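Note that chain A is present in both complexes that follow, paired respectively with chain B and with chain C.
What follows is the complex of A and B.
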């Protein structure tokens, strides 16, 4: 009889522990998605006639497109365990390069865009070489390279915004629509799919994840760790440059510090996204969810008329809760 | 149980933030009665920019007094974010959008969206363009009396260190005014570009280097900052080097600059009263909304007060809140 009772207690305890593990695992993987859902439901209740409309959905996705490009690119070095602090400066420089070439050299739009993206590729390559060949910490290396990019930017533009006399065709990249949806939304969806495939369905992508998980084990497994890290910086630089070009096409000009503000928002989106569906790993879908969550928050602030300080409190709290709850849930899952 | 409480507490914190915030903040004015109520969207430049923030806050206060509904967003100095904020206000179908500092022609997609929706945009310091029929000048006008003072003080000759900031449209306008006034003078200019952030330190460093190459008694010497912060940095350099032969000029009338003028460390600063200019914008708002996006373009000129040691006490009596 005693034995039966003890067994029952053990079974009940094991069952309770198993339930707790499942609950915490669900919170860890879906907590941030739930948070986004909560935000959407709350906003729909508060502003049903303005927020929950197809027009506003398109508006939010359109606003997400530019920050998504830079954050998706940043995801690659983060996956390999590196940081890239030059992305904002790269975006600013590429926008200035594109507009300067169009204005001063009368270069065609697509040639100028290509040249600007080449600038991003070169900056990414320099970052990669400094990090992997010179073995400089990625924070220091990209900070230095980014600062050099500012210098080049000032040399080209003299600190002044580079405007275009006839910007209509260039603006069309941002303003044009297909089936009522702006081009940037298609660009965002298209590149998200491409980058997801690259990171999850190619040898290169698997190698990046292996390097980020355990570089020593990856090297022993035959992965060329330095080369993989270098490629991640090149991809990041290219997407930072694309961001700068898209930004210039949205504003109709390029400012020397136009893209600088995307640095922190890209990191915030990527870290928020690391808690989406996965256990703290950086990944493409998570980053996209992070970007869209921030855009919805920004949209909510404008629609509801919140005071400005709420903007900072909300964005900070969202990031802390998103990543914090995920981290807590993973610890609890491991402990139970 | 404790874990569940933790999770609930965290969720509640997020909900509280959202719901409390949506419940209305300091800037959310009460809706006015039908017929004379307006919905205004305000795109700030950056909450940390004292120059434009004073005017924005005064405008919001004036709008609230008149019973208009206001929403404001801080794009943190990023033009892309500002375009997004304008698009959000277009979605909200506001009656007017006010944008601070961003050059109007650098917000093309946002301005076009607003114009397509029939929503006029008013700029604080960004200039007029198609879709932005009204702009409050925040640049050239602010530099005029101060630069006249500088030319008078130096007798139109000597050496001048200019601390400029080209990415900022107000500073570009102020330097245009400076150049125009220097045309007929014998003043030799050395120009340095200050960064933001780091503008005060840069003002100190540039001034120290310039002072070393311009010894006392050579020619009349002056330092002109396109805003007060680098000028305050220059004052620090003068103190460190023990120089008292250089006249320092700044623009914006920040508390530090007015104190420096009162203390004799700065020759002059230019002050624009935010309350007056915010009210000026509020006064024209009904006309701008009525005229719509195709209204005739016009620039509103602010009242600029040159603050010098001779008038600083009277100035502080007139504007007692400046030093707060």
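What follows is the complex of A and C.
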């Protein structure tokens, strides 16, 4: 009697533990996507006439473009296992550089933008050299380089916002539309595709992932680890600079610390994204999903008329939940 | 005043019994109705191929895993070990393969973590801990370096620190998991003495090892696991290496056949190393490696073997000397240059130096092909990479459900084959293998040597570094390294364990 009962209990517990594992695996892989889905469904139910409209969709995507650029760039150093804390300052500086060149030197828009992005490339290069050649921890190195960027920024702008008097064609980058969709949405989609290809379909991207997985193994397998890490900082710097330019083109003016706030939101999006469909690995689609989830959340907060401080609570909660649930799910999948 | 309770004499020999232990992972029976028993004062060896269930059994005993059924009893009293702390409370101690030491801490600081009460009034009780540690030293008859950070210690000393930590509280049973995997014979001898001291003081030792001679030398009894069940329990006295191997594998294993060295003596020289040096570890290495030849490198740990291997692939830069590869000067500035020139190193430490532990088998099989790519913007073709991975898995006989499975789902032997396969994808002409069979079971070891001889047959030149001199039987010639120089070359038929060991030590003989 007892034997039979014990056996059937064992069977039941064995099957329930394997069911539990499947459930946890699903939560681990799709939990973050489910959160996004839940948010969309709830908002559609609450505000069907305002939220679930194509105008609002375009609006959300448009809002996502700037944070997406900086977060997508940041994804590269994160993939190789480095941090870049200079991105916010780089974005601020590049906006100031672009506007100053247009206003004071009367440089053409495209030349000014190229110069601003060059600034980002140089900052990325300096970050990379300090990290790989001087062998300074990336957290410290990029904090230092970022602080120097603030200094340069104040030297150029004198602490004052750099506003353009005749800014129409510059504003066009952010405000112009094609087929009813603003340019920034195209920019976001285009660069997402390019960066996805770079990370997933080139030797460079695969090498970055190998370096992130085990730098010693990657090096002994012939991967030029220092070069790969350096390139990841350069990509990151360039995209931070692009973010700064787009930000300035929203208003035709570059605030001295306009890009600084994007540092933490980029990290939040990338880390949230690392729990999207993957086991804590940073990837392009994940980062984009992270950015869009935050944008939809902000949009929802605005539409329902909640106070602004909810934005911070939401973003923080999202990060903790997304990464925390993913990590818990991984442990459960491994344990049971 | 006299120290530990066990030194008062083993009046009541303690007894540890694991009865009918079963554990399933999904559909796989990792451990199936296994019964072992261990008395205080004896050494029970646990043998079996990788995946036979040894580790699972140990993890159950340690309270890390929970058995589905079965019972653990101490001195006849059933106990529930549900957490590592409970195991410690019952006097069970473990020295795992990963020693779990804090690298920057000294030996004493590391050992202190094993003590019951580490502090008094919130302050570290340094004096008491040091006294305890010196008691442990005395008991083991081994001078554990107490005041040196453990990352500066040799592998065997680190291991001793880890064992010492176990003994900081009264331990009735000690489980030693693959202790000598990277010990030299000399270091292993010292370990045997320590184990003797332990058993004399009444401690029961559960000893897990792939080295069968060692098992036969130090154990009193042997329990062999095969596919999760007990294949047999024996008194050590009735066993020989071949009968034990047979019990482990389930069928007769031929000893690794000696190769006939003359096959490749006429082949052209591929790699010629002249007076290569990087003091203090390599102070003058000269040798030739022919096409299709397998050359062994014997030497004690610390003799400069690994450092020589690193110079060959440019992982470190030589301070002097030259290398000629296929008639041309070869001076790699890094592993990338080496791999492009067809020279690869299968490194010593699988987990820390060769695998992306959180990645799939497929990804692990692709790293070297990325590393050998001409430039970084080359296209990566996932499907082609997948097919190549499937081919390698078939070719090397890697046992897995599929290449997208995590590499950690494989047994040690199969992980090692993945490491070798990763490098083989670049079609190397010179393959350097540093300790290719550490932590690999008997069956896989044979297969790995089969792969190596196959490669040599196909024209690759191979350098094998091994601390297990029996393995070097597969070589055409064996070079002996001592104090950073190659001091002897031994043809295949004379490369016996005794002869090589003597050559490794010769200069030190008077001192000993």
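As a convention for this text, the second predicted complex is superposed on the first by the 319 of 336 C-alpha atoms of A that agree within 3 Å, B and C clash if a C-alpha of one lies under 4 Å from a C-alpha of the other, contacts with A are read in each partner's own complex, and residues count from 1 in each chain.
We take it that contacts are C-beta pairs under 8 Å (C-beta built on N, C-alpha and C of every residue); 3 or more make two chains touch, one makes a residue touch a chain.
If you're wondering where the values come from, they're calculated on a predicted model, not measured in any experiment.
Q: After lining both complexes up on chain A, report clash or fit for chain B versus chain C.
A: Aligned on chain A, chain B and chain C fit with no clash.
Q: Examine A:177 and indicate which partner it touches, taking first as chain B and second as chain C; both and neither are also allowed.
A: The answer is neither, since A:177 touches no partner chain.
Q: Write the angle, vertex at the C-alpha centre of chain A, between the C-alpha centres of chain B and chain C, to the nearest 10 degrees.
A: 130
Q: Which partner does A:309 reach: the first (chain B), the second (chain C), both, or neither?
A: First partner only, chain B.
Q: Just checking: does A:332 make contact with chain B only, chain C only, both, or neither of them? Give me first, second, both or neither.
A: Once the two structures are laid over each other on A, A:332 reaches chain B alone.
Q: Scan A:62 for contacts with chain B and chain C and give back first, second, both or neither.
A: First partner only.
Q: Quick one: classify A:231 as touching chain B (first), chain C (second), both or neither.
A: After superposition on chain A, A:231 lies in contact with chain C alone.
Q: Regarding the shared-chain residue A:206, is it in contact with chain B (first), chain C (second), both, or neither?
A: second
Q: Contacts for A:18 in the overlay, against chain B (first) and chain C (second): which applies, first, second, both or neither?
A: It touches chain C, and chain B stays clear.
Q: Taking the superposition as given, does A:220 touch the first partner, chain B, the second, chain C, both, or neither?
A: second
Q: Quick one: name whichever of chain B and chain C touches more residues of chain A.
A: B
Q: Of all C-alpha distances between chain B and chain C after superposition, which is the least, in Å?
A: For chain B and chain C in the superposition, the minimum C-alpha gap reads 18 Å.
Q: Residues on chain A in contact with chain B in one complex and with chain C in the other?
A: none
Q: Give every residue of chain A touching chain C within the complex, in rising order.
A: 10, 14, 18, 200-207, 209-210, 213-214, 216-224, 227-228, 231, 279, 281
Q: In the complex formed with chain A, which residues of chain C make contact?
A: Going through chain C, the ones touching chain A are 24, 26, 68-69, 313, 315, 334-336, 338-340, 344-345, 347, 352-359, 363, 366-368, 370-373, 375-382, 422-423, 426.
Q: Would you tell me which residues of chain A are touching chain B in their complex?
A: 20, 24, 27, 35, 38-39, 42, 46, 50, 53, 55-56, 59, 62-63, 66-67, 154, 158-161, 163, 167, 171, 174-175, 247, 249-253, 255-262, 295, 298-314, 317-318, 321, 324-325, 328, 332
Q: Quick one: which bits of chain B touch chain A in the complex? Just the residue numbers, please.
A: 3, 6-7, 10-11, 13-15, 17-19, 21-22, 24-28, 41, 44, 47, 69-81, 83-85, 87-93, 103, 105-109, 112, 165-167, 172, 193
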